[in-house]
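Each remark here refers to the structure printed beneath this line.
For reference, chains read A, B, C, D, E and F in written order, and residue numbers begin at 1 within each chain.
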Amino acid sequence: MMQRVEPSYIFSEEQVAARSDIARRFLHARTRLNENVHKVDNFLVKRFYNLDHNTYLEGALPAKYKELMGLVASACLRCDDCINYHIIQSYRLGVSRAEQEEAINVAMVVGGSIVIPHLRRAYELLTELYG
Amino acid sequence: MMQRVEPSYIFSEEQVAARSDIARRFLHARTRLNENVHKVDNFLVKRFYNLDHNTYLEGALPAKYKELMGLVASACLRCDDCINYHIIQSYRLGVSRAEQEEAINVAMVVGGSIVIPHLRRAYELLTELYG
Amino acid sequence: MMQRVEPSYIFSEEQVAARSDIARRFLHARTRLNENVHKVDNFLVKRFYNLDHNTYLEGALPAKYKELMGLVASACLRCDDCINYHIIQSYRLGVSRAEQEEAINVAMVVGGSIVIPHLRRAYELLTELYG
Amino acid sequence: MMQRVEPSYIFSEEQVAARSDIARRFLHARTRLNENVHKVDNFLVKRFYNLDHNTYLEGALPAKYKELMGLVASACLRCDDCINYHIIQSYRLGVSRAEQEEAINVAMVVGGSIVIPHLRRAYELLTELYG
Amino acid sequence: MMQRVEPSYIFSEEQVAARSDIARRFLHARTRLNENVHKVDNFLVKRFYNLDHNTYLEGALPAKYKELMGLVASACLRCDDCINYHIIQSYRLGVSRAEQEEAINVAMVVGGSIVIPHLRRAYELLTELYG
Amino acid sequence: MMQRVEPSYIFSEEQVAARSDIARRFLHARTRLNENVHKVDNFLVKRFYNLDHNTYLEGALPAKYKELMGLVASACLRCDDCINYHIIQSYRLGVSRAEQEEAINVAMVVGGSIVIPHLRRAYELLTELYG
């Protein structure tokens, strides 16, 4: 089995929240809702959260590219919460704005113009994060 | 504007076709159908094909990671033809089997068990390509 | 033809609205928007609403399981309004919280992590309804 | 209520089948499978088939544009059977090849490159029908 | 190559915004977010926006039917922003309310009840625009 | 934690395969492809398969209703392999044909006419299984 290790984040969630209002509101709402989910303690939900966590660890592919893949998947499946999450995670791992834009371009071309409203909102978050 | 350059392929389509029956049949059918599309010479289709080609060139992100992102998008949107195409392109760029599997895992976790039948077929192609 | 009968609700929409703010706001907005739709009186829309109503009546399957199936479909197609609606309907038919969670788990596993933001919001409604 | 009338077809299904092998095989398989569905006589399925039939009649919009809208919906939701069906129906109503291509372009741009494999197959049918 | 020309709009965006609060808020948000996207000047995004613009010009099909096809695609892929956009564009090109409703019916029947919450919101916009 | 137990199957996969050609071919192909997946022994894939298995065990909801929920999810996400799988599993658990049809009706109404080609194929399998 491939050795899996936690990635090294350059920025904490708090630092991201301090830089961007969109990120701060997203992280706050996500934490609040997740606390409710964790309190319920559903066996399969916990297992799925754990599986999800393991998917993005360092492995054969560097964690930063897997976060960008999560961004591509989220953008072409069109989930703003998931897009925000993976943009923030990629930012925390040192991904550049140009790299984030190229990942979003893959989603835009594969997923079509229906992705554009999400791209517009993603760019707003990118602008807050990268200035 | 970011300088964009064609990626350097390690293997030609012919070499891929010689290694794998699935790849050969896919590439053959794709070429045949594309010849018909090109003959028609629809302005917007040509423009879209061109845009699509530009998306996967070397850029801020290495071409091999963008092909894997195309694979993730294709797998979570569940298109076998697109999955085959990006697996073959990634293989041609020197991506390892473990890297391909990790990209597919991102699609599986984001997209759920509905991705599994495509994963099964993708693994069959991976086994033919990587032995 | 299978005899179809209206299910017996344990709770009225008003009782649900009194228990949960999320439900109340959802039901209020839905009623307001539906009044506009009904005023327009489009023939095919009326037919579709009627077909939709008939789908969830008591039949070969008890209504409560069909509402839960509507919940699964809504969650894996990722529509918060539809998720809210079927959670409320299931609650009104006496479905337990554990049963609602298991239905959502099917949607989570089939539909993947892209369903999770909807699961988080669904759990918030479940907590308001079941306390 | 809007008066709804059956559209006037320029070509019968038999004439379409005589022109195109793809169309013939599709229509044959569809007829065979539909016979099995009709034999079962499920109330809601019959109602849905009826609703579906009514959707494409002459109305505020000419039937030919609604068939092309069905084609756009089918292409961006990526269902080859549905794409074949609406291309054939449009052809039977006298839609030109250029009109069919423009409808498919809307689906390609809204739905992205994931639509391309279906476009390739659609073009093969178009070439058989329009020569 | 087919000659492509800009359609003639009966109403400006300003006139639409003056008629409908929903349209005004949508157009305002869209303009604000697009300004941020244009400032970034990403090559592929610009190319995609350009391709998208060309898709809806007058051509083999009148622009008004292509806007309605964009509406059908947006409704069955379930994107409120895109639905609003194509309803507004269709309105600006003189499409009647009955024509808009028939296009939405195609999306409802092809896409199912999951489209209904979007139909409800679309009808609210239609009522503001057509009174 | 909820006690989870394996459901009691009335029919084995072999008995199903003996009754239906479609089922036999599906189960054979699935087994062959899964053997290749298992040989690869990817950690996350194994974890996902395990999670998937646990989702359909007896629990707060009887296994047979969860298999039907898997069928609804598969039909509205439009995956023939998954539809076949859950029809077979439901059959093995003693679900009646009328119950299977009602579950498919939920998917048809939620997911729209795009589900119909899959319904047609599902009915062919149902007819082979239930005669």
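Here, a contact is a pair of C-beta atoms (placed from the backbone, for glycine too) under 8 Å apart; a residue touches a chain by one contact, two chains touch by 3 or more.
All of these numbers come straight from a predicted model, not from anything done at the bench.
Listing every chain that touches subunit E and subunit F alike gives A, B, C, D. In summary, the chains found to touch both subunit C and subunit D are A, B, E, F. Taking shared numbers over all numbers used, the subunit A to subunit D interface scores over half, which places it in the same class. Chain centres here are C-alpha means, and the one lying farthest from subunit C is B. The most distant chain from subunit F is E, comparing centres defined as mean Cα coordinates.
Inter-chain centre distance (subunit C to subunit F, centres taken as mean C-alpha positions): 24 Å. With each centre defined as the average position of its C-alpha atoms, the distance from subunit D to subunit F rounds to 30 Å.
Residues of subunit C in contact with at least two other chains: 2, 44, 48, 51-52, 55, 73-74, 76-77, 82, 101, 105, 108-111, 113-114. Judged by the touch criterion defined above, the protein chains are all mutually in contact, each touching every other. The residues of subunit C lying in touch with subunit E in their complex are 30, 33-34, 36-37, 40, 42, 44-45, 48-49, 52, 73-74, 77, 79, 81-82.
In the complex of the two chains, the subunit D residues touching subunit C come out as 1-2, 4, 43-44, 47-48, 51, 54-55.
For subunit F in complex with subunit E, the touching residues are 76, 108-115. Per the touch definition, subunit F reaches subunit C in the complex via residues 2, 51-52, 55-56, 59-61, 65-66, 68-70, 72-74, 76-77, 82, 96, 98-99, 101-103, 105-107, 109-111.
Touching subunit E in their complex are the following residues of subunit A: 78, 101, 105, 108-109, 113-114, 116-117, 119-121, 123-124, 127.
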